[in-house]
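Listed next: structures, encoded as structure tokens.
In the two complexes below, subunit A is the common chain; its partner is subunit B in one and subunit C in the other.
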Partner chain A sequence: MTAQSQYRWRRDKEGLGVWEHRGKVAVAGYGHSPVDRRWDETSMDQTLGAYSILACQKAMADAGVTPDQIDGVICCPTTIAGASGGAASNWAPRPFFDPPYDSEWGLTRVNAQWLIKQMNLRNVKYAPASAPTIGEMVGMASQAVGDGLCTTCLVIYPTGNLTGRYRRGGENAEDYAKGERQWTVPWGNHGGNDFINIFPHNEYCLKYGGAHDDLAPFVINQHRNGLMTPWGFNATHDVPQLTLEDYVTSRYILNPLRLWDCDRPVNASAAYLFTTADRAREMQQPPVYVLNHSQHNFKQRSTQPMLDEIETWTDFAARQMYEGSGLSAGDVDIFNPYDGYSTMTQFYLEAFQWHGVKRGDAFAFYADDIRVEGPHPFSSGGGNLGNGRTRTSMYTDSIEQLRGTAGRRQVKVRAETALCAFTTPSSGGWLMLGKYPS
Partner chain B sequence: MPKVIPAPDELSKPFWDGVNKKRLLLQNCAACDAYQYPPRETCATCGSVESLGWKEVRGRGHISSYIVIEDGRLDRRMPDQPYNLAVVTLDEDPGINFYSNLPGTPVHQVPVGAAVEVFFEEVGPGQLIHEWRVTR
Partner chain C sequence: MARLISFDIDGTLEVGDPPGAITMAMVRIAEGLGIIIGSCSDRMVSDQTRIWRDHRIPVQFTVLKHQLDTVKAQFAADEYYHIGDTNMDRFYAERSGFKFLLTGAGVERLWIPQ
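And now, the complex of A and B:
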């Protein structure tokens, strides 16, 4: 088992040309755990670790592979809340349990080594000790399989949530602001993509005309798609369909950012099985081919990223992805950008110009027919807003649409290519999938 | 409750020392003349390390946009909610921006586009921060 910490797998520049492994890597399986609001702190079969094992088992069963065939495991080992997560993201100082729950591993964090041990995966040769979030892990796995570092690779994204209000406590309870926080926290900005995107969103409304609540049709449609996603939080918890009335009367978090612009933190895990195209064709499901992966990481000029920076960054991401996939906007059938806060999605939609949407056009597009049954089935997976903060529905929906197994969400338009991401405007990655390898 | 107190470190100490003397000093690159805030180890414009120094700016700016924090996560600011959080761009280089609670401006009544000037507010014993107020 090698750490491969120096392995250069990222595609984060322009001018790299079409991806050298385009169509030679495929996604052959996926699996979701149940999506709970929080771990109940007693059910050891519902921990983040247990759910990650379950997701892996489902992904392997979906593909029709056995544990002995797994030779790559990539798992994001960090908590999604970060250092400001407080009591909702750390079990300590509460006493731990019997093995394998005798540390944070398996409770609030999961890594490849913990999973390999619990699942007795004996043939793993690629399992990096550190792995990025799902937005980049799918690229890491694609490149590793394409380069031959492994052939049958599980990618796992655990998203934990314990009792306690999200991001209360931890650094946010401290009297002093250290490091990067000294430039934001004294004025009340404790960080996160809600703060990062709400100011450019306000600038957007001023520049192009429009009001914050013009996001309502998009958010409502995300909930609608979520209710058609059998594994998602909303569908499994009888969450009623969000209405316009609900949205426009919901309380503000960072006014004008409303409650329903924010996703719901959950305790869940998902796994994907990446393999070579040749192997995928021998497996149980129709292969979903990887046509390109890309990453980006931008530094803002000053304290707060402004609209012009965000437009520049997302334009770069679009050019880079289209270049590496050999596709253009008109070729993309399924488009599942990130929606962890509703205020960032318009930046992606307009950068990638899906269905011809250009800068300033997003709100009009949202007000048109974006239902999955219609001509512009935008974000058909329902995203985080429709399914909880799993950050994975963008990938799963894309796979299902290309397989033709999306059920009630199956689009009526062509579904041969899919573009999906967990990303922020400044950092993350994109993945282009295809029903055909070329 | 008072604001959260900045904790200066080696890189930021000259900045906060300036603030504590009621002066707004920004990193400035002698090689390319770019201002930089927050401070960094290298010049983000030209990459120079040794050319970075400190230069006082006038402290005039404009409000570019704002939000109202109604449900934030900072323990110390809970009693202040709801409160304004504005982004102020610096007139000498509008690429530089600062956060501000705009003391004196009623919540929700932020004049976007208005001119502002810097002033200094004590948030802990001997520790000031740079704040901004609308100029009349």
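And now, the complex of A and C:
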């Protein structure tokens, strides 16, 4: 099996030019498990591992490939609930179960080696032991296929959730922040709520005008798109359509961040099948070509990013992606940026200038017609806010829009290119997809 | 003696996600005893209303978790209780002048007629 440690697959610099494998790699299949709020701790066919196997089987069935054709497996082995998530992210010290659930693998974490064994994937030659999150994994897979490390690669992103306070276990659950934690996590968690979003978002409102609740049309539309996504949490759990009243009366998680500005942690898994463009054309579905992938990871000035840094970072990400894909803002038909917190999405929208939106324009854009039926079908997949914290609807919707199989979400505008991501402003990755290879 | 019980949903009621220890049969009994009942949850009000409608249990209030104080202002009672499963339930209950009871921690005593 190919060693991963020295493999330089990232495209994280400007000046790299158009991606050398542009249009030569394709996504040929995808699959989603059910999206549950949590694992119920008893149903062994609903574990994170079982759901990951199911997602892989669906992705292979979608593409029309058999297990013996799989020669690459990239799976994120970390827990989305956070290493210090306590009971929400670790099964231990509770007793484990019979194999294959005799360790954390398959319960709270899934890796390539566990999947290869359970699925008896005998011909895998590329399966890195470590893998980043989905935002970068799709780039890793694209580059690996393009470079010939494998030809038919499953990319799996498990997002687990157990009973317990999400990311509030271990030291995060203690009443005191000791040592350096008094500076970095004084309130028990250092996450997107406070440091990534609130201060820059408030800065944004001060600089450009507008108020926090100007996000309402965007959040409501994400829920609307989510209810049209058959596999998503909202659509499968009878979650009612969010209304303006629901939004503006919801409680603050951290003022001004409201409950509905935050995504809902879930227990689910998704898989994608990457292959060469030539092979994809022989498979079951119309190929969705990879036109570029890019990553970024910026060193922060301090624990607290500010608006000017975020705008610089996201501008960089946009330039980098457009350079590598050979496309410009006006060429992008489908735009599915990340929305794990609604407050961050405006930074991406304005950096990539989708549909001409420039710095400070996002709130006015949200107030326009951003429905999938309209002229500006923004975030047509519904994102995490509409589907739960799977971090994958951005990819699946983009694939479906380019295939023309998005059902009720199918946009009325041209759908030949799609830009999608799971990323924070400071780190993550972007993926450009095309209906045609060039 | 008038008694009011506010129920959290997720982690508290059997129909919550995750299911809690309070069965809908218990809620019906409380309603039958003349206790003022309703729900106080982070779920949308429309979602709370749907749950009660689906189970054909008439409730007097459905409010968001941070609006529990409006219930006290609206209904006169001698005792106000909120049953929930998290520290957020405790926080909003105590802030609103309700006695907080953790789900399953001997809450059955509230069903004993006064």
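Everything below uses one rule, namely that the second predicted complex is superposed on the first by the 423 of 438 C-alpha atoms of A that agree within 3 Å, B and C clash if a C-alpha of one lies under 4 Å from a C-alpha of the other, contacts with A are read in each partner's own complex, and residues count from 1 in each chain.
Operating definition for what follows: a contact is a pair of C-beta atoms (placed from the backbone, for glycine too) under 8 Å apart; a residue touches a chain by one contact, two chains touch by 3 or more.
Worth saying up front: this structure is predicted, and the values here are computed from it rather than measured.
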Give one of first, second, both or neither to describe whether A:M432 is in contact with subunit B, with subunit C, with both, or with none. neither
Using the touch criterion from the header, give the chain among subunit B and subunit C with more contacted residues in subunit A. B
Does subunit B (first) or subunit C (second) touch A:E174, or do both, or does neither? first
Report for A:D40: first if it touches subunit B alone, second if subunit C alone, otherwise both or neither. second
Name the contact category of A:V239: first (subunit B only), second (subunit C only), both, or neither. second
Who does A:A280 touch here: subunit B (first), subunit C (second), both, or neither? neither
Where does A:Q182 make contact in the superposed view: on subunit B (first), on subunit C (second), on both, or on neither? first
Of the partners subunit B and subunit C, which touch A:Q304 in the superposed model: first, second, both, neither? first
Thinking of the overlay built on chain A, is A:R251 touched by subunit B (first), by subunit C (second), by both, or by neither? both
Under the contact rule defined above, give the subunit A residues that sit at the interface with subunit B and also at the interface with subunit C. 165, 251-252
Can you list the residues on subunit A that touch subunit B in the complex? 84, 165, 167-168, 172-180, 182-190, 198-199, 202-203, 206, 251-257, 299, 301-304, 306
If you look only at subunit C, which of its residues touch subunit A in the complex? 17-18, 42, 44-47, 50, 64-67, 86
If we count contacts the way the header does, which residues on subunit B are in touch with subunit A in the complex? 3-9, 12, 37-38, 44, 64-77, 80, 82-83, 85, 87, 95-101, 108, 112, 123-124, 129
Subunit C touches which residues of subunit A in the complex? 37-38, 40, 163, 165, 237-240, 242-243, 246, 249-252, 259
